[in-house]
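Here the chain labels run A, B, C and D in written order, and each chain numbers its own residues starting at 1.
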Amino acid sequence: MPEDGRNGSQPLSHTVQYRVIYGDTDKAGVVYYGNYFRLFEIGRTELLRCRLDLPYSRLEEMGVIFPVVEAYARYKASAHYDDLLEIETCLENNTKVSISFSYEIRRGGKLLVSGLTKHASVDPTGRLIRIPQAILEGLAAR
Amino acid sequence: MPEDGRNGSQPLSHTVQYRVIYGDTDKAGVVYYGNYFRLFEIGRTELLRCRLDLPYSRLEEMGVIFPVVEAYARYKASAHYDDLLEIETCLENNTKVSISFSYEIRRGGKLLVSGLTKHASVDPTGRLIRIPQAILEGLAAR
Amino acid sequence: MPEDGRNGSQPLSHTVQYRVIYGDTDKAGVVYYGNYFRLFEIGRTELLRCRLDLPYSRLEEMGVIFPVVEAYARYKASAHYDDLLEIETCLENNTKVSISFSYEIRRGGKLLVSGLTKHASVDPTGRLIRIPQAILEGLAAR
Amino acid sequence: MPEDGRNGSQPLSHTVQYRVIYGDTDKAGVVYYGNYFRLFEIGRTELLRCRLDLPYSRLEEMGVIFPVVEAYARYKASAHYDDLLEIETCLENNTKVSISFSYEIRRGGKLLVSGLTKHASVDPTGRLIRIPQAILEGLAAR
């Protein structure tokens, strides 16, 4: 952490492994393009659980959910059956009512797919709400 | 209805078409074995809607749901990408608290996959309930 | 076609219907965000088949495939179980080695989700190739 | 191994964990019935890899694949979002041209779903072949 006390230069990130199954692939022999969004979900869920101690199921109990409002993926190379992938998720800057994550999926260090998701902070009725203080503190304390 | 008063010799059935997409297939170039259960769902839903005028969403509003308690599939031949499949669903005998469907998936008359699902009749809390009279009448009136 | 001979002011588009099943939804009661990319595939496949008379399976036989290199979705409102959705797909400008589609998914005229996919033109070995003349003519003749 | 030289009384089994994601669930708030077949695939793949040192991808390279010819599941209780499940897979008796697996999916010791899959032994062209000796020895040596 630099002398002046700033933090945040270090983005919060977390990496999990994922083994590709037959059910993820399509007839081209590679992971179906839409299935990477499942891997993104695994990535951000485990970041919340492991780095912020905030399982998404607990957020739901607190009355806040984070539905996806935008999702993007860029496919550079293909993941294949039985590949052991690394899913690296970074917490991007959040506003008072939204939060974003970026993703990089690699196999043995080689970048295959990168992506982004943006999530709104809403209550169970779907109304936009401020991200609860407990969560903001978790995000800030990283 | 024949003179002797028998009915029911004719099982209630309904056929819908389904076009296989990339997302249904796996690296073997055929529909992934678990994805046929999606096709079974399409089959029984459209039978309820089209033959009994009982959209499943209306059943839910009536306070009864039919979770799957058993599912079975037998794979005789493969469905491929872009195949136009016929999903034939038959309503099998029901008890007071359960209902069963059988399925045959064909391509151009050739049988590819057959299956069965059995469903319990439960209320929204998951408690076993008698199938509502309105539904039984729909089933009987076929 | 206007007097000055310009065409192309009219984008090529095609609309298909899709009925949401249980298997598309998640515990929030809405279509899972990653499953819309299946709907995008249905949309572009049927545009190629119905408007250009170019089933994707025929393109594969011609030795050209169009893997997705970028995919984007913006979620404005949720699709629910049993909704009958309209998937409108537009062919966007293509380069010599890539082609793009845009999507709008509606329920009863209300826009729920919009999206984009960009596809490279490659041969079966994955090497970038020019889009075959027959396809370009199909695209131009629209 | 007991003195009398019998073996095989102990079925070969293997257990892996699986964390349920949003993408596995449906609007009933539980894992979609068809998605358990993905978990069965994870179970049998890891049994082959971890207990027999036979990754399925290696079997493919050896020229033998094991397409599913029958699949069955019995649903006793529901798995929910974020549940950490145990998938226990047992190798059942094999014939010369087929192999079967049974499955039990638990949460904290409670049985939720049990199942069975039967697989044919075929070559890449789909012709039924004897299970290769190397695999039979792996199965016998357990």
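Throughout what follows, a residue touches a chain if its C-beta (ideal position, glycine included) is under 8 Å from a C-beta of that chain, and two chains touch if they have at least 3 such contacts.
Since the structure is predicted, the reported quantities are computational estimates derived from the model, not experimental observations.
Participant: A-B versus A-C: which has more C-beta pairs touching?
Facilitator: Counting C-beta pairs in contact for A-C and A-B gives the edge to A-C.
Participant: Name the chain whose C-alpha centroid is farthest from the C-alpha centroid of chain B.
Facilitator: Result for max centroid distance from chain B is chain A.
Participant: So what's the Cα centroid distance for chain A and chain C, whole Å?
Facilitator: Once rounded, the distance between the two centres reads 26 Å.
Participant: So the centre of each chain is just the mean of its C-alpha atoms; given that, what is the distance between chain A and chain B in Å?
Facilitator: Inter-chain centre distance comes to 37 Å.
Participant: Residues of chain C touching 2+ other chains?
Facilitator: 22-23, 28, 30, 34-35, 37-38, 41, 81
Participant: Touching residues of chain C toward chain B in the complex: what are they?
Facilitator: Where chain C meets chain B, its residues are 19, 21-23, 37-38, 41-42, 45, 55-57, 81-82.
Participant: Would you mind writing out the residues of chain D in touch with chain B in their complex?
Facilitator: Result: residues 28, 30, 33-38, 41, 65, 67-76, 78, 117 of chain D touch chain B.
Participant: Help me check something: in the complex, which residues belonging to chain B touch chain A?
Facilitator: 22-23, 25-30, 32, 34, 80-81
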